[in-house]
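In structure tokens below, several structures.
In what comes next, subunit A is part of two complexes: it sits with subunit B in the first one and with subunit C in the second one.
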Partner chain A sequence: MVNTEGQLYTIEGIAASVLVMTTIYLVLSTTTILTPGETHVYDMQLEQLGNDILAVMDLNQTWVDNGYGYAKSPLQCYIEKDDGPGFGHRFLTLGKQTIGEENVAEINFIAIVTYRSGANINTYIFNSTRDYSRERAVKVTRWVNVNDNHSNSHLDNRNQTVLLEVLLWRG
Partner chain B sequence: MGYLSDQKMTPHHKTKMKSLNDSGQLSLDFLVGISIFATILIIASTMISGLLIGLEAKKIDFDAVAYRTGVILVEDPGEPSKMAFDLTVAEEQQWEFVGLDQKDKIRRFGLALYKSTPRVLAEQKIFSFFNRSKFPDLSEYRERIIAGDYPYSFNISLRSLPTGVTYFLGEPYNPNSTYGYIRRMVLVKGQTMATVDMNRYNVSIPDSSDFYVNISYNKLLNQSWGPQYWIEPPKEDITINLGNMSSVKNQSSMSNVKLKNIKMTFDGILLDGREVTGVDLPYRDFVVKIDGTDYTFVWPDGAAGSHLDVTHSLNITFPAGYFIPPSAYADVTLIRMTIHYEFEPTTVNLSSSNNRYEYIPGNVGFTPSSLTPAVLEVRVW
Partner chain C sequence: MAWLNDEGQWIILMGFIISVGIFFLALLVNQSILVGQTTAEAVLDFPKSDIQDLRNEVWVIYSRYNNTPSEQDKVIRDIEVISLIKKNAVVNITPGMWRVHYFNGITNYTEVIYDANNTFFYFYY
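Up next, the complex of A and B:
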């Protein structure tokens, strides 16, 4: 049957197509695409934890009217009293809580408070575990109400909302 | 090419027709071959997206599923779950109270109080969720907390930080193997309790033998507090402890304080708009601890052999779900529930002008619910 005319017969056609498709499939499925997502997951976990901790610290245990119609949260108290160490201790205590035998890497943070004073926007370091030397970090933020009768020397004596930013990293 | 009759065809022509010639005619073989190839190519190209899924690292997928499950548990009230302010809740409208018979009505587990209170969990939902009696089969949990078709294994644990009490659900995990993981920091809303010092109600000239504890719904759901500080009697434990009972004992009487009965009445607005007060409610059985001994009270006569002696204390804990109104009263808008203690007249020194206790935060002896931190971990593999 096979002669010099280069004729492609049915069975050869099927065989050839199966070969080609199998090759394409194998090539594609053995290719490893390195996604940067792997590291993002750990960032996401740390960010979620940071957000959760700030949210937990931003609710008082019970309803106690602070004279302004809402319950003062521990977070508000820390900032009003400028108690950075107290904040840091509570933050790390909550951050290290686990149930299983999870290996908790040391969490480090720098907390920065941003506030307005007159026409200026100022910041100061509220508390930190150690200096930040460009580790891979995530940032969580929370707006915190401050009443006018606070004892924080950085802030003006008025009701205001300041921004608390916490830069978090493992290591 | 022209049409040649068979007669006019030369042998040369016939040979050329059998094999392909310069006539430009497509062969059947080629058609079959190319169509098979094209079909497979189309099938394969539709599979490309599926191929790429396989390229993702499994760990990432597990982490994503664990994260989603964590969000469902911590930030969602579950389904069914009534909206805030709906006090006339029925059992089948609130998943943590759905009974064994109707368990299929639970579509999704979620531990948050309300949608508006993410990270604030309801204690009763935690009890219901970690109690396996309703769903002994883990696959029934899986379809209600894990958004995905793949039969993932999971392990969920919750630990209260102040008490250290830990709950587990799911399969044991191997710490050295690969699993998706998320840790959530949450607050758990605790229960309330009222401890009434009866000495405050002792009078020298008694004209009453009744004592009342009011549970005023309109005061307990204070708008300005926010749902995390509300007290919702149908969904929470209500604990009323009458202490120091000996102080209201009628000193001229020989006998101890004697409890005749405990009744329950309600004030409310009926469907037709009529307001009713002090309506006797045929209550469900409940347990009263008198000086440490349990007595079951059954409507309408109270405990068997009433006229019970009370020397020190009278404690009642109505479990969460107790104040869900019976279906006959489901249309009543409740304003107030009153626990009515009936004592033997000659045995107590009580006054009709001062024999009511209001079950509300801020009142003397009232322990408000507190939000206590807890940690929730989800592992998926």
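Up next, the complex of A and C:
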């Protein structure tokens, strides 16, 4: 049968259980929220790495004038010769220079060249390691000035600036 | 009505105070972890590299085509049109004064990189 004794003990028990459950929830949520905060930091580092690689590749390796009135950077030479594989090899070599882990890092990319032809903007795939399937990727870009005396069949025969975009991801 | 034991009230009171203290400390820990995320997101959103790259390219154009204005205009047109389509950014380059303007809807940046008519300020390069 139902009796009315011990009502305050029952209420105290319910209050204590609510307190314990709230504490457990707070403790668990503080440990699991670590992950989403970290991934953005890794994206930031990867983007900086990609921009640094392109900046290094866009530096002239010599001050010698090779007949154009200026020295060319490796990046400009790769695009003028349409040498996608050469670019990709150099890019990955520079990207995997971490001390103690040379050539171990899993870095993949797709490089795209965008150029203007009259009133049209066209794009072609310069080089890629494999297809992109929705990994966490960052995009880095670099303007490259190309001489009119180039051998790239995609581009018009004139002095121009093209945009090199590299989609970059780990894994 | 049950008989209540009224001993140990100070112990219970201290227990309550400490539990409230732990509750607020847990809230602080919870908030502090979000700080790294917002900082990284702010860094990723700001087009630092775009602006650095644009400045560098304007120097390249200036040094290569300074004496051939017709080539200059074509190359500047390349940058302005491709920026609009691929980067969602309005870019405006004024040759001669070499003023660069960049606007992507959030970040607005204008700089006179090299004023050929007033070289006094550039002696320290």
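Definition applied: the second predicted complex is superposed on the first by the 124 of 171 C-alpha atoms of A that agree within 3 Å, B and C clash if a C-alpha of one lies under 4 Å from a C-alpha of the other, contacts with A are read in each partner's own complex, and residues count from 1 in each chain.
What we mean here is this: a residue touches a chain if its C-beta (ideal position, glycine included) is under 8 Å from a C-beta of that chain, and two chains touch if they have at least 3 such contacts.
Bear in mind the structure is a predicted one, so any value in this text is a computation, not a measurement.
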item	value
Which of subunit B and subunit C A:H154 touches, first, second, both or neither	neither
Touching partner for A:R170 - first (subunit B), second (subunit C), both, neither	neither
First (subunit B), second (subunit C), both or neither touched by A:A71	first
Subunit B versus subunit C as contact partner of A:Y9, first or second or both or neither	both
First, second, both or neither for A:Q61, with subunit B first and subunit C second	first
Touched partner set for A:L94, first subunit B, second subunit C, both or neither	first
Contacts of A:R142 with subunit B and subunit C, given as first, second, both or neither	second
First (subunit B), second (subunit C), both or neither touched by A:V27	second
Overlap of the subunit B and subunit C footprints on subunit A, listed as residue numbers	5, 7-9, 29, 33, 37-38, 41, 44, 69-70
Subunit A residues touching subunit C - in the complex, by the definition given at the top	4-9, 19, 22-23, 26-27, 29-30, 33-34, 36-38, 40-41, 43-44, 47, 51, 58, 69-70, 114-116, 121, 138, 140-143, 145, 158-163, 165
Residues on subunit B engaged by subunit A in the complex (per definition of touch)	19-20, 27, 29-30, 32-34, 36-37, 40-41, 44, 48, 51-52, 54-57, 59-60, 63-64, 67, 70, 118-120, 157-159, 161, 166, 173, 175, 181-187, 222, 224-225, 228-229, 361, 368-373, 375, 377, 379
Subunit A partner contacts - residues on subunit C that touch it in the complex	1-2, 4, 19, 22-23, 26-27, 29-30, 33-34, 36-37, 40-41, 43-44, 49-50, 53-54, 56-57, 60-61, 63-65, 71, 74-75, 77-79, 81-82, 85-87
Parts of subunit A lying in touch with subunit B, wherever the complex brings them together	3, 5, 7-10, 12-14, 16-18, 20-21, 24-25, 28-29, 31-33, 35, 37-38, 41, 44-45, 48-49, 52-53, 55-56, 59-63, 69-71, 94, 97-102
